[in-house]
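Chain lettering (A, B, C and D) follows the sequence in which the chains are written, and residue indices restart at 1 in each chain.
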Amino acid sequence: MKAFNAKYVLVLLAIVAIAALMACAPAAVQPTAAPPTTAAQPTAATAATAAPAGFQPPTDALGVVTIGPNDPVHVGYMFVTSGADGALGIDSRRGVEIAIDDKGGKLLDHQVKFDGQDSGCSAEGGQAAAAKLAADNTFTVVLGSSCSSEIRAGGPTLSKAGFTVISPSNTAPDLTDPAKRFPGYFRTAHNDKVQGAVAAKFALEKLGVKTAATIHDGSPYAEGLANAFAENFEKGGGKITSREAVSPTDTDFKPVLTKIAADKPEMIFYPIFVAAGSLITKQAKEVPGLGDSVKLMAADGTFSPDFYKGAGDAAVGMFQSSPDFSAFTGGYAKFLEEHQAKFGEKPVSAFHAHAYDAFNIFAAALEKVAVKGPDGTLYIGQQALRDAVAATKDFPGLTGTLTCDPNGDCADPHIAVYQVGEDNVKNAVVPSQPFWKPGQ
Amino acid sequence: MNASLTAQANSPNQTSMRAWSVALRYGLIGGAVALFLALVGMVEAFATRYVIANVIDLGTLLLFLSYLGAGYVAIKRSGARTPFEILSQGAFAGFIASVFIALLAVVIYAIPGIRTIFINASPALLAILTFKMGVPAGLVPILLSGVIFGAIGGLIEILPPSLRRSLIYAAMVVLVFGLMQDLLRVTLQKWKFLDPATSFTFSNNGLTIVGAVTLFILTFLASQLWQRRGNEARARYRQLPTRQQQLLGWGLIAFSVALLLVLPLLVGLFFSEVLVNVGLFILLGLGLNIVVGFAGLLDLGYVAFYAIGAYTVALLTSTSLEIVYAGGNPFWLALPFAVFFAVLAGVILGIPVLKIRGDYLAIVTLGFGEIIRLIVLSDFLKPILGGSRGIELIPKPFIGSFEFAGPEELYYLILAGCGLAAFVAIRVKDSRLGRAWGALREDEDVAEAMGINLVSTKLMAFAMGAAFGGLSGAIFASKLAIIYPSSFNLLLSINVLAVVIIGGMGSIPGVVLGALVLVGLPELLREFSDYRLMLYGAALVIMMLVRPEGLWPEKSRQRELHESQQEEILSGPLAADEEVAREGAAG
Amino acid sequence: MLKRRRSKLEITDIFIYAFGIFIIAIILYGSFETLRQGKYSASQWADLFVFGITIGGIYALIALGYTMVYGILQMINFAHSEVFMAGPLTAFFLADALAKSGLLATNPAISLLLIFAFSMIVSTTVAVLLERIAYRPLRHAPRLVPLITAIGASFFLQYAFRGLFGTQFKVYPEIPALEGVVTIGVVRLTYTQILVMISAAALMIGLQAFVQRTRTGKAMRAVAESRESAALMGINVDSIILTTFVLGGALAGAAGVLYALVFTQVSFAMGFIPGIKAFTAAVLGGIGIIPGAMLGGLFLGIVESVGPTLFLDGLNIAAPYQLKDAIAFTLLVLVLIFRPSGIMGGQTQEKKA
Amino acid sequence: MPILELKDVHSYYGHIHALKGISLTVEQGEIVTLIGANGAGKTSTLRTISGLLHPREGQVFLEGEQINGLPAHIIVSKGIGQSPEGRQIFSRLSVMENLEMGAYSRKDKEGIKSDLDHVFRLFPRLKERRSQTGGTLSGGEQQMLAMGRALMTRPRVLLLDEPSMGLAPVLVETIFEIIRDLNKEGVTILLVEQNAAKALSIANRGYVMETGRIVLSDEASKLQESELVRKAYLGED
């Protein structure tokens, strides 16, 4: 009986409290009805400080973000920073942090505040993270996501809230398909169509193989890339002997490798992630019929020190396609130094430089469109910001010279193929010099 | 059975010896907990979040709470009653606990290589532990804080209960406001007139000191007031004529309904998103509750029906070019199909497992759930089901020109779904079928002997549970707009089961509460997602040890468990050992 | 028996048998087609079996832990997968130290023994703590309660280890002494595989002997049958249950090192999948029955390894190894439909739920 | 001093108050029987003595030593052996293993050996079937095994719960003869029986239980004469 009462008492208390709030806040219900102007985008507390007569804050179709004279420019991210894929997002976040440091921590004399959400590399996580970001109207831009699934589910929410979204590591081709892209989306990462084509070209032209097998792990990234490779490989006259799939949590790949061996391919392409990728590399050497004659090739999903630790000596001589770090501009060496100093280690994944560029594209666009009030308040039109990012042309970034096309692809995609050497395995470092580049 | 223990402890000398050894024991436990929290990374991760701006962060608070807990439990168990004993023994327990942290600090300082094993034993952690003073200077405040918080813990135990309760409430409110600062701040932004109050309470980086103190005092006073006057209010309510009581009751219900209807407008985008997620789990929980709670059939593959509902809607409504053969239909046309196919799957699963009982059933249903996920993931059926890339471009439902576009609108859809499901569940629970399920749950053989048709009764349970799962999946698909096979993994089945059990098996309000606690709370604390599953697991264990009937138990079930618990006390091993075990688990 | 029920049961029986026959027909046709095409050589088939027996032996060792605890407490110890993980994950640090000191290369036998011992001790400790803290207080609670506790403990342990030792997998050092291959006809065995098979077999035989012959083993069987009667014989039921957890933990720890030797990578998440597989194996063999767990483990390992190629390749099903778990679970359903208490379960009555 | 004494014992199953203040004594060398209808609390009394059920109030003494609250396996080692209701032999263990389990807590190899011989002398059938599993025995053999197993604990007091239940009349005779023989050898016996006539015929004293209470206690011969017992339990009007 006692517990029963206490429960209702609690409910009652809560209701009374909320009722009191509601009674005092009739206006609170209205914002959704208001026209999509500045009023619809409530501003930070200090925005109310009246601007002197004569200055007209800008208006914008999507609303204006107002940053008070002492408030920071709030930059949001939406990366996977925990779990098995955490390295991907942490790598990107570090890239942005270095970019902010290089700006002295400031944009237009405002401090930069950088925080965001772990989107968990899943559709649900992406949508929840997007909702949390979209609910906070102090954000000026969202950098992310890490995985394509996150942005597919969360992108519409961010887009509707007026944000510009720039991803450093989404590579799924159809994100920038005009039929599927949502407004405000850009990326500095390469489109996987490019990587698949480069890998196929390398196999056919450089390695001179005619038959290949593919393995993906049931992730959209790996499946897309394996298919892109297979299409291009067959188009170029090669033959795909088998298209296999595994699960990323598998550990015993010898059966599937034995099955592949029965078709006698000259090469296996497995654009999957570190754990399974390193096990396949190792076990391929132990499966009779594959041995040393079959060429192994993985993609940027395995381009990480942990891969060499996991695969050991079996990785020596194999190939990996990845962004071409040698094509990166001179600033990259300095970036690596700063990274080492700040985080005590080398980058943990492949897209840090792309994240650095993503922030700088945003920063350049912001400097172009932000209007400064006489008291130092910043006004940023959200549509204007999108337009400015879209207009990015010949921007000198770390990853190359970036130009955004109408579909939001801003990358200057240099993909190269690397060969793993003994010292890569011994010291667990990614190869620094490409083995082959398209056009060689 | 404790007669011998008390007999031994009769002489005062022995009493105090025993009390000190109890203090030592809980000090060791508290220290182990603190050490674990530090090494597992929680202290460092939580230290980034200030509860009160630049005064105290959550990570340090965790350590202090370990000391405090050690002191509190030690005094509670040792039976110390004089102020000196309480202070000294509490402080001793806290001190012992803090020694662990001091030792950790020394180890991190002296052996940097420790980090290759315990990755969180980092210089950053050392800085937090030693209050940025380093070793050895920082060891003094560590041990001092142990002594102080241990003593405070001891003091709390001897406060008058009413005072203690108010203090704990007040501290908890401050903690909750500190924890949820960013959410509360963002939500409060919507209400401009509250700006002065908001900036009074919150700084950029946690609560302001004055804000925290004000909150603490206000809650304390409110709690005291309620404790003094609450009984009067309740008594007055009971003295009202029945008619007026009813009227008040209806008023309350009407008010709650009205509140539910305007909730998204009040709380904004993110809370609405969380509510929608909670709603999906309430629907799933209500469905699984029928299977597990009502009929007693343990289903570990419930996610299968969720997947079938979601994929049906996706296939029938998607405008994606890859999935052309059935797509493009409106949500409302697809919905009945989603439920239908889920029910069909429920029956198809049900038939082969009719004769399988208990844990065999659990593993077979688990397998079924996995089979469904693997099939939708497979390359083999990719041309039909989309494979690993899922199905995208699933449109939102429309009513006329009203689009259930975002969480604030979808909220109403899920609210309607939950309302419907709850209504059905309540009605069916007290029906003939519901009673048949009850009999089935108690004893299958007896139920059969009573003339209950096991086949149709079991199949009805599977079918109805599947229907709710399908409905939830259907809404999930249109909410997410794209579905991947990876969304339908075993973890989800287990989550739903946990919602049902934590809420209280067989209890419908329990499911709602369970979903709010297990789905809502972790969503609100996304920053700490790294520790989410660990805390989730610990919560499940502690819950089962302390309150196995669930948060809001069904009445008959509560009685049942209560009885078995008493029997446990009757026939179990030494009760004191059990309590030790529970304390350990709580850490 | 009521007539109405009888007729209904028949309809469902027909459905069940039709389902079973359908699946079996697919398996037979698929196998026939695969063999007819003759794409795979005898030695490749032999390889597939060897891979299957290797992983199956490991499954069997883990399954023993599930089956013993189930036999004695009638509960699924869901956290057993974490008991399996705890040993090899912590023993990695020892293995790494041994490798760096050079002892692993110069004294492989002693090093391996040390690693095994360490892993078994850690796994046993985790199992014992689990029993003391999480399960013993619930001995008289309804059955779902300890199951949920076990699920909770599983999550807690998994993520606590993740917090303590990190997310990234750790790679066991290579042991030069284990590099080598023996060929017997078409069968080709690596030293590691031989080590796995021999140690798994030895441990299983040892366990069986322990349970059948020793006083404690007999007491375990007595407690499994009736805790009350056992107590009336002067058997300390709690300590026998603890012994069961100790044995299960030690076997899981040993299985963990074998797993680490075969697959080289260990991580906090490594227990989950083998755990579920091993539990499936225990059910397949007839839960509560020790030889059943061994048989179930081997059967499951072989089906996983050989099944996708044998059953599905001939049917031209794309990427058959993606479906290996689906095959395993389908077989489980089939076994339970036609032999509800598992392969070896015929000799005992079905335990009541 | 009585060898076994219960003082005002109250036991519960959950909320069900099973024993409502039982007091009884068993003297060295006696056969004492508890009779009563189903559910009167006879089995609960035995379970309370042997520690399977812990009394919420009251005490149990074995030769003056308080034993209530101790775990069952300790009570067994102190000298209370029980052949439980429904026999509950270990059906998957062999006859020999069942008997070994009876001697589980004992360390004296010689004593165990002689007790085993003793049991085989009492129950020659068990010797013939010693390698068979318990589950394959007939009902009477199972009862013998249950008693033999209890004897292997070398009890000072032997608690027998319904030893004649479900047995053919001939076997009942045999079992009761064996009980009498055992008693002659010096084993104190507390016997619970539904077959009141039979029980009273071999017992020294008896207690009559109804709904958790002792309603009558006397010399066995006097109980046989008692009006109440004759009507209610001996099937005479």
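In the analysis below, a residue touches a chain if its C-beta (ideal position, glycine included) is under 8 Å from a C-beta of that chain, and two chains touch if they have at least 3 such contacts.
It should be emphasised that the depicted structure is a prediction, and the values quoted were computed from it without experimental measurement.
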item: Per-chain CA centroid nearest to the all-protein CA mean; value: B
item: Pair with more cross-chain C-beta pairs in contact, given C-D and A-C; value: A-C
item: Furthest chain, CA centroid comparison against subunit D; value: A
item: Centre distance in Å when subunit C and subunit D are each reduced to the mean of their C-alpha atoms; value: 43
item: Mean-CA-position distance for subunit D and subunit B (Å); value: 50
item: Inter-chain centre distance, subunit A versus subunit D - centres from mean C-alpha coordinates, in Å; value: 76
item: Length of the line joining the C-alpha centres of subunit A and subunit C, rounded to whole Å; value: 39
item: Per-residue overlap in subunit D, given as positions that touch at least 2 other chains; value: 52, 71
item: In subunit B, residues with contacts to at least two other chains; value: 377-379, 530, 564, 567, 571, 573
item: Junction residues of subunit A, two or more chains touched; value: 82, 218, 243, 245
item: Subunit D to subunit C touching residues, read off their complex; value: 50-52, 71-73, 76-77, 81-82, 84, 88-93, 97, 100-102, 104-106, 149-150, 153
item: Interface residues, subunit C side, partner subunit D - complex; value: 215, 218-219, 221-222, 225-226, 228-238, 348
item: Subunit C-touching residues of subunit A, taken from the complex the two chains share; value: 82-84, 86, 218, 243-247, 249-252, 254-256, 258-259, 261-263, 275, 278-279, 282, 286-289, 306, 309-310, 312
item: Parts of subunit B lying in touch with subunit C, wherever the complex brings them together; value: 36, 39-42, 116-120, 292, 298, 351-364, 366-368, 370-371, 374-375, 377-380, 382, 444, 451, 453-456, 490, 494, 497-498, 501, 505, 530-531, 533-534, 536-541, 543-545, 548, 560-561, 564-565, 567-568, 571-573, 578, 581-582, 584-585
item: In the complex with subunit B, residue positions of subunit A that touch it; value: 5, 7, 9, 11-13, 15, 18-19, 21-22, 24-25, 27-29, 31-32, 42, 45, 82, 117-118, 120, 122-124, 127-129, 131-132, 134-137, 149, 152-153, 156-157, 160-161, 179-180, 216, 218-220, 222-224, 243, 245
